[in-house]
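Listed next: structures, encoded as structure tokens.
Two complexes, one shared chain (subunit A), two partners (subunit B, subunit C).
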Partner chain A sequence: MIVLLQLFVEGLAAGSLYALAAVGFALIYATTRTFHFAHGGTMLLAAYTFYQTVAVWQWPVALAVLAALVVATLFGVGVDRLVYQPMRRTDASFLTIFAASFGVLIVVTNTVVLLFGNSFYSVDSTLSQGFLVGPIFVTYVNILAVVLAVLLIVALQLFIHRTRTGVVLRAMMDDPALVGIFGLGDRRYGTIAFAIGSALIVPAAILTSYSSGLQPSMGAVITLLAIAGAIVGGIGNLWGAAIGGLLLGIAENLGVWQLSSSWKPAITFGVLLLFLMVRPDGLLGARTRRS
Partner chain B sequence: MIAYISNLMVLLGIAVILASSLNLMVGYAGIFSVAHAVFYGVGAYTAAKVALGTTDSFLLATAAAMIVSGAVSFVLAVPVLRVREEYFVVASIGFQIVASTIFVSWGAVTGGMGGLAGIPPASLLGWQMSSSLDYMLLTWGCVVLVVAFIALLVHSPFGRALKAFRDDETAAIALGKDPLVLRVTATTLSGALAAVAGSLYAFHVSFVNPESFTLDYSVLVLAMVIIGGAGSLAGPVIGAVFITVFPALLSFLDIPTLYIGPAEQLIYGLAIVGLMVFWPGGLVSVWKLFTPGRRQATSEG
Partner chain C sequence: MTLSCSLKTGIRATRILAVLTVAVAGLMSASASAADKPVHALGALFPLTGPNAVYGTLFSQGADLAVEHVNADADFDGRLNIHYEDSQALPQPAVVGMNKLVNVDKVKFVLSAFSGVSQAIAPIGNRSHVFMVNGGGVSPELAIGDYFLNDIPLSDDEVNALLPYVVNDMDVKKIAVIHVNDPFGNGVNKVIKQRCQELGCSVVSDISIDPSSTSFQSEVVKLRVARADAIYIASYGQQQNVIAKQLRDGGIRTQLLSYSAFGIPATQKLGAAQGAIYTAEHIDYDANDMTRQFLTDFKAKYGTTPNYYQVNYYNAVRIYADLIAYLNEKDREITGENLSAALHEIETFDVVGGPISFRDDGTVQMPIEINRIDGGSSKVLKTVELSE
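Moving on, here comes the complex of A and B:
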């Protein structure tokens, strides 16, 4: 029982980070209808930038976080401007855009391997320590993960409901036709979505460097988790993506109770498959529209 | 020397079969999959089991491999394709990762990390294979059969219906075609054909282990299809040649062994991005720019 509770706590923390990744992906998809498969690459770049600045170059943490944010946002915006937008202008098919996104992820992953090697890094800090709450051990990273995720996701919701720019983004999510109009006229809003979506994944990247460490394969794995979370939650719905990510995190970690941790992707896949069979619209999704 | 070339030709032939079968899904049905190595692997393991336990007949082993792979393909396809084919790629990544874990963990069947070794040489209707040259002939015989089959399929009403869906879904539905049946069939056939490559591999190398059937290899096969040109018959062949030969070219540059794999993948990734932005038709479409000839009625995606 205690083991389950402990695993649940781990799951909450991991799920919070997956939620950030999923919400970022969902925001990008819902506003620009781009299947940003390279989203995992954003996390990779953020994590390794953070590692390089904080652990190798010994920068102060705040500066390292800033560096990671800058790199991630520039990357997301860059991929949109340099890859997706030119393709949308030539009316490329969904699959062609997806293939390009996939190519970008391959490029990023292998660049990281060439620069850092395939081995596993981690960042040490007092954050990895924690304290006991009754019989459960809670690390500061766990707490930070949940708190940050809640804060950022709520902030995002406020943004899209209360600010002018945010309302435009929400309009784009509700009416795909507007995407086309904005795509031709004012591409700024799509870029803003990419910037926000990419920035959201940075806390996940940083906290993961403290807790599970860094590895180049992270890119593909987090892409899977982000998209699966967004699908399970109901693609196009930001709250749904958050819940989907959280759900996957909890399910993965509870699964460790019976299976070894190498089966975690199997659990994610299983949950995804289950939803596709039973409730393909996801938890909070709208009727599946053939777009 | 002959052995070296024959060996390379076998691997090339296997790559062509894998790329062509994946192209059936990606290029013609419009379904992206990063799990092709799973069907390759399932085919290889099945053929290995048959050869180790029952008979060294290539035909029987391959038939068994095709059936099992096709079945696995079918089981994956039905629930996922029922919803949205865009989700298939996500499901396929998960599927590939899970399959890799199963290949490693299910020791009783797959032999775990060590895999299955000591696979006897294949025999085909009395002809006992022994040299690399034999396997080269066998492999390319299979390549011809597989590509011919795919060509027939693509030009059949089934193939035309698939392409109709790929090009304009609403119109195809209006014509009364059933998308699910078409797509599931394409996916199942794709998996079954990949098993042929698996069987060839198992007999040729005479052992199978999980390392050959990873996500990395699935990505490589997908790269062959995309770079060569999805949705055309020649595309996957060109892509397979390019990706099999390219590492040999890279070896002329003095790159440390540790960097070769990632460097290759990096270049493929860049090639994919560059091609998708400028020439989505892949190398085949670039080639066509230089050889103005018969304009075909069927267009590629």
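Moving on, here comes the complex of A and C:
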């Protein structure tokens, strides 16, 4: 029982980070209809920027977080402006944009390999350590992951529902073309969606650099988890993506209770497959369509 | 005036021409004498890229220095030349590299590393009669024999040396094992279970992990609950450091045990690995003139003291040179079969660390030392002589 509870705590923390990645992906997809496969590249750049600034250059943590945030946002916006928007102007198909996005992720991954090599890096900090709560061991990173995910996802919901920009973004989720017709500039709001979606993955990147450490291959992994989370939750639904990401984190951790950890990816995509077969709209997808 | 000037110019030109002629002749004679010496190519299948590239660098330092020493030896009839291929520490690229070394580069001798890689290339080498020496992989499955030789003790030797020590001297009764799911990790896990049963200790948890995993939070949970007296880490490269760090971050203060992979500088300096006990081959750095020369030249060339991986690959190349010299002396052709026959005829090789010999199954027989990582370096706790 203690093992299950401890695995649940680990799953909650991992799921919180997946939730942030999935919400960012879902926001970008829902507003711009871009299958932003390079979303994992954003995390990769943010994580390595944080590592380079805080561990190598010894910058203060706040400044390093800011640097990671700037790099991630600029990358997301840059990819939208320089890759996706020109392609959309030529009426490129969904598949063409997806292929381009996939290419961007490969380029980013290889650039990271060239700059940092394939080695593993982590940022040493007491944050990755923890304390016992009864029989359960909790790390500071675990707590930060859950708190930041809740705060940021609630803040995003408030932004989406309470601000003018948020209203336009919601309108874009319904029909991007209509927003353009009303002269609101869907490209500008698309850029805002990319900026917010990219910024959301930064906490996941930073906390990962403290806990699991960094490797160039993690970009593709987090992209797949974000996509799986967004689909499980109901593609296009931000709350759904958050719940989907959380669910995957918990499932993959609880799943290794009796299985080898080599099964983690199989558990994640088993859950995805199950949802696609049983509930293709995802957890909250049907409600979105009705609304 | 004009005549004297042109005369002087002519004399100067003649002198320059003479100097140039002598220089070119000298160069030609030097290159001719170098070209006269037969080139003995050897292959090296090391991870030159990827997460285990750190090992490739270590291995090649030892091999390169040995080639320098052998080529500088006036008595050695020939020159050694290493052909490097990138195995990435993975079987599939290693097989591609091995095929190139055997079929394109026509090498008769290959340096191998990593258990999965060695197991993958061994059938090719045995089929093609190419001599292979592993100085880095330690899976018990590498006691392949035939054309496959290990000049590093395999992990069953390491476990056989370590377990009696931790059980009897440290009173460890419950051991947890976290091991990579590959031939090496599975082999070590199997040997620990067998040996533990004989010694009266028990394996309370054995967790297999993917070789590419870097997140071990759920494994930490299982290991915490196992309440073992010691945790044996059977991994390598960056991954073993990640495991140690995440175990310590997860509040586990249990004694860590491991094998020779913990000897790499990155692990020695890792805070989470301090206090870890690990085994390695015993090398006497004052054993003979060759060892002292190796130590001096290694420090001069690389600015650091060598570890046993570098010694192993240095020795592997020296063994190749000894075999060639032996066959030349006997006026026999340098072929895989003759190299193998020469190995059995020579029996004992005087190399860095002292004389070594090989068992029939291709494993090396040498003492094992038990070390503790302390303050960024290792201290020897005990040296164990293993029987046949």
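Just so it is clear, the second predicted complex is superposed on the first by the 275 of 291 C-alpha atoms of A that agree within 3 Å, B and C clash if a C-alpha of one lies under 4 Å from a C-alpha of the other, contacts with A are read in each partner's own complex, and residues count from 1 in each chain.
Quick note on the criterion: a contact is a pair of C-beta atoms (placed from the backbone, for glycine too) under 8 Å apart; a residue touches a chain by one contact, two chains touch by 3 or more.
Keep in mind that this is a model prediction, so the values were computed, not measured.
**Q** On the A-aligned overlay, A:V83 touches which partner chain: subunit B = first, subunit C = second, or both, or neither?
**A** first
**Q** Which touches a greater number of subunit A residues, subunit B or subunit C?
**A** When the residues of subunit A touched by each partner are counted, B comes out ahead.
**Q** Who does A:F98 touch here: subunit B (first), subunit C (second), both, or neither?
**A** first
**Q** Counting only touches as set out at the top, which of subunit B and subunit C does A:V150 meet: first, second, both, neither?
**A** neither
**Q** Quick check for you: in the superposed arrangement, does A:A228 touch first (subunit B), second (subunit C), both or neither?
**A** So A:A228 only meets subunit B here.
**Q** For A:I106, using the defined touch cut-off, is the partner it touches subunit B, subunit C, both, or neither? Pick first, second, both or neither.
**A** first
**Q** With the two complexes superposed on chain A, say which partner A:A266 touches: subunit B (first), subunit C (second), both, or neither.
**A** first
**Q** Which of the two partners, first being subunit B and second being subunit C, lies in contact with A:L276: first, second, both, or neither?
**A** Touch status of A:L276: first partner only.
**Q** What is the shared patch of subunit A, the residues that subunit B and subunit C both contact?
**A** Subunit A residues touching both partners: 117, 262.
**Q** Considering the complex alone, what residue numbers of subunit A touch subunit B?
**A** 35, 37, 83, 86-87, 92-100, 102-107, 109-111, 113-114, 117, 220-221, 223-224, 227-228, 231, 262-263, 265-266, 268-269, 272-273, 276-277, 280, 288, 290
**Q** Would you mind writing out the residues of subunit B in touch with subunit A in their complex?
**A** Contact set of subunit B toward subunit A: 26, 30, 32, 79-80, 82-84, 86-87, 89-91, 93-95, 97-98, 101, 104-105, 169, 215, 219, 222-223, 226, 258-259, 262-263, 265-266, 268-273, 276-277, 280, 301.
**Q** Quick one: in the complex, what on subunit A touches subunit C?
**A** For this pair, the touching residues of subunit A are 2-3, 6-7, 10, 13-14, 117-120, 122, 124, 128-132, 137, 139, 211-213, 215, 217-218, 253, 256, 260-262, 264.
**Q** Residues of subunit C touching subunit A in their complex?
**A** 49-51, 53-54, 181, 207-210, 212-219, 221-222, 224-225, 238-239, 241-242, 245-246, 248-251, 271
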